[in-house]
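The structure appears right after this line, and notes come after that.
Chain nomenclature is as follows: A, B, C and D, assigned in order of appearance, with residue numbering initiated at 1 for each chain independently.
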Amino acid sequence: MKHSSDHSSNDASGSTRPAPLPRSAYRHFVPLTTRWLDNDAYGHINNVVYYSFFDTAVNGALIEAGALDFLRGDTIGFVVETHCNYFAPLAFPQALEAGLRVAHVGGSSVRYEIGIFASGAPETAARGHFVHVYVDRATGRPVALPEHLVKVLGELE
Amino acid sequence: MKHSSDHSSNDASGSTRPAPLPRSAYRHFVPLTTRWLDNDAYGHINNVVYYSFFDTAVNGALIEAGALDFLRGDTIGFVVETHCNYFAPLAFPQALEAGLRVAHVGGSSVRYEIGIFASGAPETAARGHFVHVYVDRATGRPVALPEHLVKVLGELE
Amino acid sequence: MKHSSDHSSNDASGSTRPAPLPRSAYRHFVPLTTRWLDNDAYGHINNVVYYSFFDTAVNGALIEAGALDFLRGDTIGFVVETHCNYFAPLAFPQALEAGLRVAHVGGSSVRYEIGIFASGAPETAARGHFVHVYVDRATGRPVALPEHLVKVLGELE
Amino acid sequence: MKHSSDHSSNDASGSTRPAPLPRSAYRHFVPLTTRWLDNDAYGHINNVVYYSFFDTAVNGALIEAGALDFLRGDTIGFVVETHCNYFAPLAFPQALEAGLRVAHVGGSSVRYEIGIFASGAPETAARGHFVHVYVDRATGRPVALPEHLVKVLGELE
């Protein structure tokens, strides 16, 4: 698939479609091993599994940075929107990497961009986004992003 | 994605966000049982699992209508784009339903809209879309949609 | 595991192998819908997924009977042993049923036998067991089974 | 949990229970990354997921050794029995390892023993077995193990 400088392409109907991105589009990389069950009946990693990679990249980066305590924290991130474009098939037993970048930090929300790469590949095999809204664990109502989280997110922008 | 005024909302930044849709937005409904492992560490069905519901609703409807033979068919649908907005949490052991509608049929692609409902609920707890491009199984190159598939899709529009 | 003569078979090496069981071997049945991703690269429901059915049947029955509050309960069941024998392949989009029976209630443990049936089939396509040890949620140490649980388990024996 | 030299322990009822094994019990190790969704509502890796690790260790070792072509091979391994004992909880984002050993090679079947370790840990957090019967892909009937496979299995005993 060819991609123009703005990383989109026109299809027959005139609408734009996302195109692969290079490694430089991401700030943090997470290694991922694949599993036999990731391959569906067509022998490729199923579209659903990419979202597990997204989820893992985001939460893993936050836990590693000390910005998420999913067992005891008073505020937790609820997912309100996810999206993925798939450019090229991947398959178990390939090793993969997720690239992660914080694209937007709002009052109580964060938008992450994530790219999935065959390990060491120059361009994403798939890419998408993932939006968290932070809520109070007890009430489920949106809250301001915790200060420490905002600092961690700043390092991923 | 364009949204009509009554199915979107403005957030603080002025951009529009999708809103829940009623049952009448979908043409075909598929019952779904949930599983213990669908609930993640927060006790709700994880965002990833909704895409398994999408996948299941689309492929299940096609198989039921005799429009998909995933073991022997010469052409298969590859997923090129998926998207989901989440409005309200769901949790095992709730029973669910997926609503399905064909939104666009192109030369070699199909766009499905899917809504996830708590069983019998009037509005989607989550909704999104799913785009298939049909390819030749051996070469992986896009092909025209099979005639029988186009007929089946017409009944879901 | 001891097997009675009519539910086992001898293989070439002289050891006994479990054999399918009839519906009468179970006390409680749980309907299960299958998912596209349950099918692995061979086009059958993957061996892993059966354990998700086991987990779902056990926890679902307990929640339904008011014997498990997984969000707030002081005691929770930790899984210490699981086992499955597979007799015949199943595949999405088949509808399934899990049959459940309590086989042993100990001081702090419960052993469940579970059978997976194609919906309405007379014999298990797979069957196995699942052992819970009840622990204090805070300390992780074994505790006596809660009284209400013991009563519910008695109805499943 | 204490374990005797035969790697089993007696419980109150007099039956023996498997106990953890050291790294020396396995011949081949496979690194595994965990995923957010592996953690269930109790915040630990769910019992089901261990079988995905088993499946991945076995099939990954065979593919790496050139002994499994899951897309085009004439003979494939069907799983007929799996078993797991769980000794200590694990949780995302821990890195893990699967240890693998071939325990028995029959005419058309193979029994693998698998141990799951926290990365670098001296003893299994869980361990079990996994039995493959090789069948003709087209007929589903058992066949003799392919010669190259037998050679690969010999190196894992």
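The working rule: a contact is a pair of C-beta atoms (placed from the backbone, for glycine too) under 8 Å apart; a residue touches a chain by one contact, two chains touch by 3 or more.
Model, not experiment: these values are computed from the prediction.
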Counterpart interface for A-C, drawn from A-B, C-D or B-D and sharing over half of its contact pairs: B-D
Which of B-D and A-D has more C-beta contact pairs: A-D
Cα-centroid distance, chain C relative to chain D, in whole angstrom: 20
Computed distance of Cα centres, chain D from chain A, in Å: 30
Inter-chain centre distance, chain B versus chain D - centres from mean C-alpha coordinates, in Å: 35
Chain D: positions in contact with at least two other chains: 36-37, 39, 41-43, 46, 48-49, 52, 55, 70-71
Chain B partner contacts - residues on chain C that touch it in the complex: 31-37, 39, 43, 52-53, 55-56, 59-60, 63-64, 70-71, 92-93
Residues on chain B engaged by chain D in the complex (per definition of touch): 36-37, 39-43, 46, 48-49
Complex contact set, residues of chain D against chain C: 12-13, 17, 41-42, 46-49, 51-52, 55, 70-71, 76, 78-86, 89, 106-107, 140
